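Structure below; questions to follow.
Going by the order they are written in, the chains are A, B and C; count residues from 1 in each one.
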C-alpha cells in the first residue's frame, strides 16, 4: 500500500505530463458533454457498470473493496437494477488502455495528480454536468470540504474524494514501554522523536524510528512543516533548496546517520515494524490494517501519533489517495453510476473502506456515529489523529511540464542522497533544484 | 606424491562442497522459512521446530497459484513448440537448398542475436495492445514464436546429418516434408529434445515481456504473479517463501527427472 | 480450371504436351519457392516482432511521444540523443553497466576456469553429483531468486544481517538494497551466483576435450602446474574462453535487469541502475518513448561493434586443437 503512495506520486507527475502533451491533440471537449439528466433504471434489466480500481489488485485492500462492491450489488444494485463489475488495475494503466480501445470504463479509482490530464485526454466528466445539481449537493454534505476541494478543476468537480491517507507515526507499545516511554503520550516534535528513538535503541537494542528516505510524499510534509516550499504556488519553479527545507532535511539526516533511525527501503522498514523490531514507523494510514494484524499476531499493542512538528511550528500533513472519476456514456448509465457513487461515498461506503481497508472516513461525522465508525474509532484511536490532521492537510506537489516523472525522480533521489550519503545537504538539494528548474523552463 | 594427491583431492572436494553450499543454501533457507510459523519466522533456527503448512494455505488463498502455474505451463509449452516448429522448418530450408538471399538471411538471423529486447519492446507493446492481446497468454507467446537461437542450433544439428541419406530418400520419392518429419527428425530427436528443454526453461523464466503484457494475477505466469505478491504486501515472509517455493517447484522437479539431459543441453547450446 | 478448358478446346495431343510443359514449369517454380515457404513462418514472425519494431524504434528515436494512444508523434531531430548524452543520471547508468560487465568476469571466467581445472580429474560419479547441484541456480527464475535473496539480505529480518551482527563483523544492520555502497554489489553478487556453476560446467566440458598428451609433454619439459595452466590449458581452452567472454560482455547487463527491477528499482539515487533498466524506465515510467528509443539505438550499435570486434579477435587469436 505504501507503494501506492509512491506510485501515486509518480502518476501525479505522469499525469501532468500527459496532460500537456495531449493539449495539442485530442481533447475531451468533443466528448458529448452535458447529460445532466438521469435515465431510468429497471431491476428486470440491470445495467452493468465497470469500476476500475487499484485497491482490488492488492491483497490487503482487496477484501474490503470486494465487500464494498458485493454489498452494493446485493442491496441497492439488485433493488434498482445496477450490476457493478470490479476490474483490478494494479498500475493504473489498464483503464487508459481500455478507454483507448473503446471499452466502457465508467468509474475509475483515480489518483489526484493525473486527474487534469485524464479530464483532457480520456473524457472524464464533471459531476456537475453528469448528475442533478440538487442530488449532488445533498450527497456532498458531510464530506470534508478540504477533501472535496482536491477533486476540483476550474471550479468543477472531476473527482469525488474516495480513499484518503495521511502520514502517521505508528508506535509499537511494547517497545515503548520496555524503553520506559509512555505510548499514550507519544513524541510530538522531531527533537522528541530523536530522544525517544535513541532511548528505545539503548534500552531494547532495537531501532527506535523509521522513515524511508525514498517515501516520496511524507518528505514534502516535512519540508512544509518547517516553513519550506517544494514547488512555487504557480508551479513554475522548484523551491526545495531553500534554508527551511535544507534545515528540515538536515534534521532528518541527523536522525538517519546518528543511530536514531532504522535503515532500509520503505518496504523493508514496514516489514521491520510489523515484525515488532521497530519502535516508531512514519508511514501512511493506509497501512493501518496490516499493522494492526501484525500487532495482534505479535502480541503487542499498536499506538500512533500525528505527523511530528518542528519545535514551535505547526506540522503540515500531506495527503495521498484517490478520487472517483466518472465517464458514463448515456443517461441511463448516469443513473446507474450515480447509485454506486452514492453508496461507496455514503455512510456505509466510507465505513467499509475505513474499517476494512484503513483509509480515512471522509465523512468525518461517521467517527461519532454509533451506527458508523464510533466503535471502530474507539478501538482504533489512531484514526482520531488523522481526522484531526485532515483539517490542515495540504496536497503534494504536482510537478509541471513534460518531464514530470523525471523531475519527481530527481527530487526523491536528491532527498535520498542528501540523507544517506556524506554529501552536503544544501549542495545536493540546490543541484537537484537547478536541474529541475532547467527542465521546467 | 600420494600425499600430495590426497591434499589435492581434499582441496577439490572442499572447493566443490563450498560451491554446492553456496548454490543450495539459499534454496534451503527458502524451503524452511516457508515451513516456519509466525513466531519462528524471524529466528535463525536452521529447521522449523513446529513445521506448519499455514504459509502455503495462506499463499494459495491470496493468489490464484494453480491458475498461474497453469498459465506458465501454457506459455512455456506453446512458446517452445512454436520455436521448435518454426526453427525446424527454417533450418531445413537452410540446409537443404541453395537459394537466392541465403547469405542475407544468415546475416539477418545473426543480427537478431544482438538486438536487446529493450530496442523492440515499445513497438511490440503498442502492437500487442492494439491487437487487444494484453493480459492474454497469446500476447506473451507471439513475439517469442520464433527463436533465431533455435534456428541456428538446429541448422548446426542438421548439417551433421549425412547428405547422402537425404539424396537417397529424395530419389526414393520421399517429399521434403517426409524427409524432415520421417528421416531427419527421428534421428536428431535428442538434439531437438535438448533444445526444447532449454527453450522451455527460458520461457518459464522470461521476465520483462510477460511483466509488460500481464498485470492481473489471473492472466499472469507464476513469475509475474510472484512479483506482484512480493510487491504487494509486507511481512508475510512465510507465505512469500511458500509461494516462491511453489514457483520453483515445477522447474526443480523437471530438473530432478531430466538432470543429465538438462545439463548436457546447456553445455551443448549455451545460453541466451 | 484452365486445364480443362484447354483440353476441351485444343487438339488432344498438343494439349497434353502443353500441359506437361506447364506442369514442369510450375514444379520448377514450386521448387524455387519451396525454400522460402519453409522459411516463411519464421520470417513472418521475425518480421513482425523483430525487424519491424527495430525500424520503428529507430523512427521513434527521432520523435517525441508519450505512448498514449491517439496522440501525435512529434519530430524532434537529434534532440533525444543530445538530451540523453547530457543526462547526468544516464552517465551514471553507463558507469554501472561497465561495472556490471567487468564485475561479472570473475564469476563467468576466472573463478569457473580455475574450479574446472582443479576438479578436472575427479571420479566421474562425484563430478556428476557436484555438477547437478551447482547447476541449480542457473535454471531458477530471476523473480524467485530475487525473492529469496531479498529475504536473506533483509536489513532487520534477514539471516545474513543476523549472522553478521552475531559474529561481530558489523555493529549496525546493513541495508543492502538501499545503501549506495552495497546495492550494486548485491545485484552483481546475485548475477554472479547464477553464472558461477554454469560457467564452471561449461569450462569443465571444454576441458575434457583436451588431449592429455599436451600435459604429458609439458610435464616432461618440466612445466609446473601453474605454468601448465597458463601455457597449455588457457590457450587450448581459448575458444571456450572467448565464447564465454563474448556472452558475458554482451549480456551481463541484461542478466542484471530483473534483479535491479525487483530489488532496488535502480536505487538508491540511481546507483544500481544500468542502461537497459534506464531504457525501460524512460519508456514505461517516464513515458518518454523518444529518449528510450534513442538509448536503445545507441547501444544496439555499440554492442554490435563490440560483438564484431570480439568475433574478429576470436578468429585471429583462438588457438584450436586440430
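Some points to look at:
What we mean here is this: contacts are C-beta pairs under 8 Å (C-beta built on N, C-alpha and C of every residue); 3 or more make two chains touch, one makes a residue touch a chain.
Here the structure is a predicted model, which means the values were calculated and not measured.
Chain centres here are C-alpha means, and the one lying farthest from chain C is A. Between A-C and A-B, more C-beta contact pairs are found at A-C.
Work out the mean CA point of chain B and of chain C, and you get 14 Å between them. Taking the mean of the C-alpha atoms as each chain's centre, chain A and chain B sit 40 Å apart. Each of residues 97, 101, 271, 275, 277 in chain A touches at least two other chains. Contact with two or more other chains is made by residues 42, 129, 237 of chain B. With touch defined as above, residues shared between interfaces to two or more other chains in chain C number as follows: 69, 154, 157. Within the complex, the chain C residues that touch chain A are 64, 66, 68-72, 88-89, 154-157, 172-175, 177-180, 267-270, 285-288. Per the touch definition, chain B reaches chain A in the complex via residues 38, 42, 62-63, 129, 132, 134, 215-216, 228-229, 231-235, 237. If you check the complex, the residues on chain C that touch chain B are 32, 34-39, 41-43, 45-46, 48-54, 56-57, 60, 67, 69, 115, 118-119, 122, 126, 128, 130-152, 154, 157, 159, 162-163, 166, 193, 196-198, 200-202, 205, 243, 247, 250-251, 254, 257-258, 261-262, 276, 279-280, 283-284, 289, 292-293, 295-297, 299-300, 303-304, 307.
Touching chain B in their complex are the following residues of chain A: 3, 57-60, 88-91, 93-94, 97, 101, 267, 270-271, 274-275, 277, 287, 290, 294, 297-298. Of all the residues in chain A, the ones that touch chain C in their complex are 10, 14, 17-18, 21-22, 24-26, 96-97, 100-101, 121, 207, 212-214, 259, 262-265, 268, 271-272, 275, 277-278, 403, 405-406, 409-410, 413-414, 416-417, 420-421, 435.
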